[in-house]
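Got some structures for you, see below.
Each of the next two complexes has chain A plus one more chain, namely chain B in the first and chain C in the second.
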Partner chain A sequence: MEIVFEDVDYIYQPNTPLEHVALQGLSFTIPSEFFTAIVGRTGSGKSTLLQQLNGLLQPTSGTVTVGDTRLPGAKSKPLKELRRRVGLVFQYPEHQLFEETVKQELLFGPKNFGLDLGQVEAKLPQVLQDVGLDESFLERSPFTLSGGQMKRVALASVLILDSEVLVLDEPTAGLDPVGKKQLLQLFRYLNEEKGKTVVLVTHNMEDAMANADQLVVLNDGCIDSVTSPKHLIEKRDQLEAIGLAAPESIKFVDYMQQTLGVNWNEDEATVDTVSQALIKRIKAGANK
Partner chain B sequence: MIELEQVSFRYQNEASHVLENINLTIEHGEWVAIVGRNGSGKSTLAKLLNGLCLATSGVVRVNQTVLTDESKHQARHYIGMVFQNPENQFVGTTVADDVAFGLENLAVPRETMIKRIDQSLEQVDMTIYKDHEPSRLSGGQKQRVALASVLAMQPEVIVLDEATSMLDPIGKKQVLSLIQELQEQLGVTVIMVTHDLNEAALADRVITLDEGTVWFDGKPRELLEKGDQLHEVGLEPPFVTKVYQQLTRQSIDITQEPLHYEELVDELWRLYLKT
Partner chain C sequence: MTQSFILGQYIPRESFIHRLDPRTKIISLILFVITMFVIDRLLIYSLLYGFVLGCVLLSTIPVTYLIKGLKPVWWLVAFTFIFHVLFQRDGEALFDVFGFVIYDQGFIQGGEIASRLLLMIVMATLLTLTTPPLAVTDAMRWFLTPLTRLGLPVNELAIMMAISLRLIPTMTEEMDKIAKAQAARGLDYTQGRLRDRLKALLPLLIPLFISAFKRAEALAMAMEARGYQGADHRTSYRQIVFRTMDYIVVCLMTTATISIYLMIR
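Take a look at the complex of A and B:
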């Protein structure tokens, strides 16, 4: 499902002393079935932006068109439909949990949207497995789980709706590296194999660059650029000014080029390419 | 000084222990990182230190006082906690009110209070948000305010439970250098729960938990030396560690396990390329 922003402004508490312009003049497109990362420093408007994607917040001016729904102006029925088609996982997804058991938690959304519960229940084991949990969790109370486990349950409760668009706000913050890798693989799989449009909000440039087709860079509520990971790496010296940083591997490469005069013409900075370049340089010896 | 003696913890109505037979001593002025996979007991350990959780068995001693239901309030005067999710700790209607809350509880005189609020907001770079409503701030800004509230109390010990997880790279760097400053200049004890081994590498000591027990307790370099074994406890060796391992396999060695890529590259220069 394609999402188009046209000249979108969003203002919190307009016409009050606390008026705060969070988004200003945003125009960009999230193409259907793309993996888009939205990056930007803390407070740049990332979370405000993504709440526009399913109508939780609606533009103060300008329009957001999600599939065939146009905001602002959609009536409550299409808006409800939109929320089923665009699944949103919040920054602190453990806040969305409230039921007595994990099973009830997972069935709440489908029930609310009037889905066939028999069919949904049959999908429970798969969805749990996708997020790295097993069926033994179904009867547990969500509130006795660890932070990372709560996050997975909240994610499962959105995945079970089988939305066309998945919007994820820092979904891996607080997860251990192994869990983080699993979830990023899952998002990639859902995007590549299941054709989901994925919108990932993050300030982790490693994750954004390694996974996204397109990056939307926000700075202070405005679009800094809409670009590909490759182009953004080329402009990496500009990243720090907007609160971001190049991935560690890229900084490593820059530093070894500067300090050792390593020859670098690889496409990707991986453990292998970096190690090989270093070994080659050392073997060439001191007089190079 | 914080001491844990044979500490175990189990949540009510749950069969298995979250922590089992933990013995630890954390000295005054130490910077300790606690790492481990999700559910390994890190956050529970952090909560045991200021009485948010009380040991099911064993003893937690803070400055020689055993933590109990009665003594825990006293302990909170010198142990400040910042959580991963700062929304859990907001009470004020403005950022400044929120920072003031803890100070009011300590009955700090008004003049001092104003000074401390300004100072701590400045330390976390949030001065311009002083009159904003905490709930309207972004995730990362909330984390800074929560940190300011703790700094204003001038605690002897600061416990950070993944308190940088929502910060952007530059913000993270600022907060970490602020913590470093507090530790070095004011001798504050820092206990930091994190998943980021690059962050843990800044600490004097790293404690790795696995299934509620201590899997490793020592210097960051010694932990990184474990290389691929780190996967067993849900950790990912940093990029520099993996590169270093590849180099060693090709018999290119340096004097010690590198903590940072600059360290590795500088050593390679010194040992192999400098004329």
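Take a look at the complex of A and C:
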């Protein structure tokens, strides 16, 4: 599903003394089946933005078009349909758990949306496996799990809806490095093999750059730029200025230029291309 | 969802009312409520309305914000008024509507009681809108201090009150987050039969309670880790001070209350 933002403003508590402008004049497109990362520092409006994607918040002015639904203006029925088609996982989703067993927790969404429970139950083992758990968890109480496991269960409870769009707010915060890598691989798999549109909100530039097709850089509620990770290297100075750390690989390119005198001409700087360049240089007989 | 309701919120401003000592404001509020309950004349009610409006204007809080924020209260006030008009059986019968005989006393008493409710809520809201919650706690502690001799743990009560007040906005925020997370999983508690709606509250309340308990535990531990050992013999960083203006306001309020009382006797 394609998602189009047109001149979107969002204001919290408008016309009160506590009025707060969170988003201002956003216009951009999230193409269907793209992996889009939304990056920006804390308070730049990322979370407000992603809640526009399934109508939890609706623009104060401007429009958001998700597939064939236009916001603001959708009635409650199309809105619910929209929420089924756009799965949203909040930051710290473990705070939403409430059922007696993991199984019931996973079936909560499908029940609300009126899906065929027989079919959904058949998918349970697969979904659990996807998030790195196994079937033995089904009958356990979610409150006996560790923080990381709870997060995975909460994530699975949205994945089971099999939504066309998956919106993830800092899904890997607080996980160990291995768990983090697993989940990012899962999101990539869902995007590449299952054709899901994935929107990842993060302030980790490494994750964004390594996975996304498109980067939406937010600064103070405005769009700073919409770019591909490839072109990020050209903007590395600007990143620091808006409170984002440039990815390590890009920093390393700078280091190579300054200290080793390596000229960097490639348009991409990932861990792979950088190490390739280093290997090439060593093979060519560099002694530094 | 919870954004529009302003009961218990504080809005920082630089106004005459904001600068008053919290004790002054609480004493004034109590005097105001006493006055409201002893009077029975319309003329004095209009005086009280004027007083409340004056206070609101002095506080520089936009009137529209107050009106919008107290929306649920308007319904309560309107309901009270209509209830009295329909069911009051004193005084002269005026006319009847659909079998209900309407008496003139119905209007008068309905107006009185609705006004009391309205004025009291507006004044109490004004107190919290213009006073930081911690200042209210300090004032309460000051009022209760004489009771320490009777063995009342005033300091403990004050710190409990401070913590609860502090946690209200946090819990509201938490509630909002949970409600959104469940709505994203298709929960809808605004539609359907009453029974279904009540059932739909469980997915909101259970996580809220759990997080409240966890938060309380973490807070207790953090306090202990920083050497908290009961609230006795603690000094406070912010002192509340009674200024000249506070003496003037308290004197004026007391004089006004007594003279109104003498006038109607």
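One rule holds for everything that comes next: the second predicted complex is superposed on the first by the 261 of 288 C-alpha atoms of A that agree within 3 Å, B and C clash if a C-alpha of one lies under 4 Å from a C-alpha of the other, contacts with A are read in each partner's own complex, and residues count from 1 in each chain.
In this text, a residue touches a chain if its C-beta (ideal position, glycine included) is under 8 Å from a C-beta of that chain, and two chains touch if they have at least 3 such contacts.
Remember, predicted model here, so these are calculated numbers, not experimental data.
In the model built by aligning both structures on chain A, chain B clashes with chain C.
By the touch criterion defined above, A:Leu18 reaches both chain B and chain C. By the touch criterion defined above, A:Thr42 reaches chain B but does not reach chain C.
Once the two complexes are overlaid on the shared chain, A:Gly195 sits clear of chain B and of chain C alike. Once chain A of one complex is fitted onto chain A of the other, the partner contacts of A:Pro31 are absent, as it touches neither chain B nor chain C.
Counting the residues of chain A touched by each of chain B and chain C gives the higher count for B. Residue contacts after overlaying the shared chain place A:Ala245 against chain B, while chain C stays out of touching range. Of the two partner chains, chain B is the only one that A:Gly147 touches; chain C does not reach it. Using the contact criterion defined above for the overlaid structures, shared-chain residue A:Pro125 touches neither chain B nor chain C, since it reaches no partner. Touching of chain A by both chain B and chain C, each in its own complex, is seen for residues 12-13, 18, 95. Note for the complex: chain C touches chain A at residues 3-4, 9, 11, 13, 61-62, 64-65, 68-69, 174, 177-178, 180-188, 190-191, 202-203, 206-207, 210-211. Put simply, chain B touches chain A in their complex at residues 11, 13-14, 36-39, 43, 84-85, 87, 131-133, 136-141, 162, 165-171, 195, 198, 231, 234-236, 238-240, 242-243, 246-247, 250, 252, 261-262, 265-266, 268-269, 272-275. Within the complex, the chain A residues that touch chain B are 12-13, 18, 20, 40-44, 46-47, 91-92, 94-95, 144, 146-149, 170, 173-181, 203, 205, 240, 243-245, 248-249, 251-252, 255-256, 259-260, 271-272, 274-275, 278-279, 281-282, 285-287. Partner chain C is touched in their complex by these residues of chain A: 12-13, 15-18, 51, 54, 56, 76, 80, 83-84, 87-90, 93, 95-98, 108-109, 111-113, 143, 157-158, 161.
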